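One chain, chain A, links the two complexes that follow: it is found with chain B in the first and with chain C in the second.
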Partner chain A sequence: MNTAMTQAPGSTMSQPTRSRRGSQALRLLQGYAFFYPAFLLVAAVLFVPLFHAIWQSVHAADYMEIGRFVGLANFVNLLMHDGGLRDIGLSIVFVGGSVLLATPLGVGLAVLLNRPMRWRAFFRTVLVAPWVVSQLVTGLLWLWLYDDRLGPLQAMMQSLGIRALITDPDWAMASLILTNVWHSYPLVMVFTLAALQTVPSEVIEAATIDGASAWRRFWRITLPLIRNTLKVAVVLTTLHTFNTVTTILIMTGGGPAGATEVLALRVFKEGFQFFRMEVAATAAVLILLLNIAFSLAFVRVLKSDHA
Partner chain B sequence: MRNTRRPHPSAWLTLVGFYLVLLAAVLFVLVPFLWGLSTSLKSPQEVLATTPHWIPEHIDFGNYGRGLLSEKFLRFMGNSLLAVIGALIVSLTLAVHAAYACARLRFRGKDLLLFLLWSTIMIPTVAIIVPLYLLSVNLQVYDTRFAVIAAYSAMLVPTLIWLLRGFIDSLPGELEESALVDGCSPVKMFYVIVLPLLRPGLAAASVLVFLTIWNDFLLAFSLTLRDENRLLQVGLHSYVTEAGIEWGPLMAATIGSTLPVVIAFAFLQRLFIQGLTGGAVKG
Partner chain C sequence: MASISLKNLGKSFNGSDVVKDVDLDIAEGEFIVLVGPSGCGKSTTLRMLAGLESAGSGEISFDGTPVNDWTPKERNVAMVFQSYALYPHMTVEANMRFPLEQSKMPREDVAATVRGAAEMLNLTQLLGRKPKTLSGGQRQRVAMGRAIVRRPAVFLFDEPLSNLDAALRTQMRMEIRKLHDKLQTTTVYVTHDQVEAMTLADRVVVMDKGRVIQVGTPMEIYERPATRFVASFIGSPPMNFVPARLEAAGNSLVLWLHDSVRLPVPPAHVPRLLPWRNRGFQIGVRPEHLLQQGQGQGVVEFDTVLCAVEVTGSNTQALFAIGATQACAVWQADWSARPGQTRTLAMNFERLYIVDEASGLIDAPAA
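Let's turn to the complex of A and B:
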């Protein structure tokens, strides 16, 4: 096309412009035709229910129908009189415990796996495996492992003076956290392993020659270099854990005596067991707000770091 | 730099400690699997032995017949596979076009629409399951394959677009330009030039679709009722009844439906990691 234009300057100027304009219109049309089908499906399946939940959260419920407008009464009821604050507190314990254990475990194992060694592929594969196991299967496997009558841990439990794990109000949350750590540390490990590939080996070698210990090299050189990736992994783990329903549903159902009834589980139970649609919607909106607040806070932290 | 040829005794200790830590981690990962596997191979009486032991006294495959290979459970797995195939067709078709529009095409309101699209990645499933259930009842599609496939496709599409857009961005634009210069229409160019180059991206996306649907409980539970429509995880959940759990067949079904995924993962790690992280980690 370039050569054609240089051969006949001026005379055919209008020709290519018009066809280019025509093809631009076609490209525009292509943009709509390519983008909108996907967008409309997402809008129908995600936005419509989302607005329904928000709408329901400020209205009373008439079984499955939406009732009269009640303002923020549903939120006040849930938080002040219906255990909502307690559920949020339990969510914080569950998330905090899981993240505090899964992060160092994931990072530590990634650092070990990053060294040249025998059987590296084997170790890596096994250690990432819990990631591809479903939450329900994770819950079932651990529920059976924890069984206080037929499980293999009972000898150990007896010697420690623990009567039961997942069925004891004092131990249920800790048992649940351990299970969730098993399921969620691989994500931290995979992200860290990827970030470690970007750490230049010369820097580490130079520090080694200068006599820095492995511990010091990690804290002073490696960790600052992988910090941002690690933050993303921690945020993903936090949100994922906060929104977890299935593992808890299958292992404790919120019990014993409400000891593990986190906010996300509350949505499920109110909606599908008690059919209190306004409580389910209110808890769902709270979950959404907390997700957004946490993500925005995280974005601010990332931005302030870059500045 | 002294004594480089023979390792220092402390280096030996470090090495031993290093492998001990890794072995402990491997044990932590494997213990729940192994206990489940052991149970799945025991006879009903042995499962109920009050002194638990790890190695079955004699291997009994009966649980696999009654759990994993029962007519009901085979149907659950078949339903999950059908849902995967349906959602693969719907979600990949929609997502690959939209991803190309995101990466290369201009259209009105693009910034706002993309913002809305990415913001849906932040909506947790649990926040919409109850209204989604109500919506499906109102639209009279509750407990149908249609609802299941549409819902999974919609949940997956934003992440798939993100993933595929990353692959499109990494393609050299000159190829597409030269095709246009040669007189290829923009639409035809997408199918003839771009789509074949996206095979690795589509493979990673397929893994994400498969794993999401094979492993999901919440959406499937919210949208299905009868056994003939139930997916795998809901089927596993239905073994846990108030009458008590029959652990032998349940563990056979659990292990039998999970192990193939773990083995596939072992051979296709790169794809799995690309898919699971939405392309954030190249694997």
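Let's turn to the complex of A and C:
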């Protein structure tokens, strides 16, 4: 309507229309020009391998060659006869343990760091440090902490009657979880800290005036208000932990006696050590499915209350 | 309900005094308005009353009992914030229920109390809504609802109407006053708006630079402001101040305004002005007391040229120069006034305020 009205005089109509069409086409082209390089890059490094993995998981393999179509035989084989269920179970323990410990730790520290206190900037920096450390260094550092003869943690454990940590099948997974918690809590902490700063102080003061204790203020007011951000942090930690290979590879390599052989490590080993591509691809697809399932579950559980 | 007493109350942040030596006694059921420019310490005083801020020095007592160390809950105060501070993730009903749940009130009583308050504030239709979906005025009412459900000993309002538009502000102002008349709860209300102070308060407390400058009923503050600051803060447009001096003229006195306007002092007013003959002073006169020619009795007239005129319908504000000072007069609608006109104005000596130049203290005319 508007354009028709502004173009009222007939004779001058064709000229501006043509140029406008031209500039619109240019604008469209510009959009594509900006969009496609990024899209192609993502497609090349993400969609193609992903599709390849899914394709491979329903085919037999001959070294790097894709073989004949086998349907779900690879999945059945891995889950029923090749320890796949056990690996999934270990992955779930690893992820569950890490998220259950890292989330409250991260949130708790964020709440502490959000209060006015001395040396706050210093503590904020120090507490974020584990996040900056690579998985490789994290693995080596904790390997030393857990060391049977030299490790300071080991010495403490010994006084509690625990003889070995990372080398004991009963304690290896717990030790890995502890290491991963140390590496993962800063993400939750940083996200939570950012979210806490968006909670208006007057709302908390109103709750104080209304007679709510600090504990209830946190549960009834603060937590619901930061829930959306926390949800993102938990999902990211979950995905990250499901896919963790480096730390485990360095610290236990899946041992002792397969006690820490999580699914992601299995993908790495099958693919790059045993070159059983169909098993690696099948395990990778399982991880993808687990990731999606867990993320959806978190999103549901932490469903937002916001109108 | 509670009576409140503040003794030598003070507070400083980073070494600078925000509130200093505040003494104030508030009677049970009284509506007190703390008014002053931003940064005068009124909000800090309120927050110390609430228990959100610790008292730096001095004593706060409720009903004669010192409450400095009490939590807001123990003080049994309710507060309405400028931003309303509603809980965004809760419905209106849950917002109003929240303080009752903290006080462990039985469930049935909670529902009944919330319903009662919602009815009183016309919120019944909105109980299921979230704050985000409400208008400013509705949010304001929910904030008040959340405050009244608990039947607190003291209501505290921190500039509750600042975020509303002018029409709604007037309406809510009346509702707040009506609510107070109904509940008779001791109320302390902070604002920088002198109209709110004048219309709501039983007594107004004017603050400046962390100190209480004057306490009195709205009319006392208006009629007999203690200092130049109070006189210029209360009243709109504010009181005119003009440097003046006195000159003997035989048996009589002449008042010179800015050495440019000469006003012979009427004999009845000579005794009041005589002591100021050798002292620096200004005269203060409210715009509504600068009458037009022929109005009022016992007035002294002088000519002046209008510099600017604002007609608002019900009245006309005229700006004119007295020497280097600009002064303002307010008349009942005078549609003929135009800038550049020469007008004869009448100075009513009965309504003349004398301001000591050194101290800023005001000698108000006898009522």
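Operating definition for what follows: the second predicted complex is superposed on the first by the 276 of 307 C-alpha atoms of A that agree within 3 Å, B and C clash if a C-alpha of one lies under 4 Å from a C-alpha of the other, contacts with A are read in each partner's own complex, and residues count from 1 in each chain.
As a working rule, a contact is a pair of C-beta atoms (placed from the backbone, for glycine too) under 8 Å apart; a residue touches a chain by one contact, two chains touch by 3 or more.
Computed from a prediction, not measured in an experiment: that's the story for all the values here.
Q: Between chain B and chain C, whom does A:I292 touch in the aligned arrangement: first, second, both, or neither?
A: Once the two structures are laid over each other on A, A:I292 reaches chain B alone.
Q: For A:P37, using the defined touch cut-off, is the partner it touches chain B, chain C, both, or neither? Pick first, second, both or neither.
A: First partner only.
Q: Scan A:H81 for contacts with chain B and chain C and give back first, second, both or neither.
A: neither
Q: Quick check on the superposed pair: does A:R220 touch chain B, chain C, both, or neither? Answer first, second, both or neither.
A: second
Q: Look at the residues of chain A and decide whether chain B or chain C touches more of them.
A: Touching more of chain A: B.
Q: Identify the partner contact of A:R68: answer first if only chain B is touched, second if only chain C is, both if each is, neither if none is.
A: neither
Q: Can you list the residues of chain A that touch chain B in one structure and chain C in the other?
A: none
Q: Per the contact definition, I'd like the list of chain A residues that touch chain B in the complex.
A: Result: residues 1, 23, 26-28, 30-35, 37-39, 41-50, 52-53, 56, 64, 105, 108-109, 112-113, 115, 117, 123-138, 140-142, 144-145, 149-152, 154, 182, 190-191, 194, 232, 239, 242-243, 245-246, 250, 264, 267-268, 270-272, 277, 280-281, 284-285, 287-288, 291-292, 295 of chain A touch chain B.
Q: Help me check something: in the complex, which residues belonging to chain B touch chain A?
A: Residue positions touching the partner: 18, 21-22, 25-26, 28-33, 35-36, 39, 47-50, 52-54, 90, 94-95, 97-98, 100-102, 105-108, 110, 113, 116-117, 120, 122-135, 137, 150-151, 153-155, 157-158, 161, 180-181, 185-187, 190, 211, 214-218, 221-222, 233, 236-237, 240, 247, 250-251, 254, 257-258, 261-262, 265-266, 269, 272-273, 276-277, 280-283.
Q: Give the list of chain A residues in touch with chain C in this complex.
A: That would be residues 200, 202-203, 205-212, 216, 220-221, 224-225, 305-307 of chain A.
Q: Show me the residue ranges of chain C that touch chain A in the complex, using the header's touch definition.
A: Spelled out, the residues of chain C in touch with chain A are 50-52, 71-73, 77-79, 81-83, 85-89, 98-99, 102-103, 129-130, 132-133, 146, 150.
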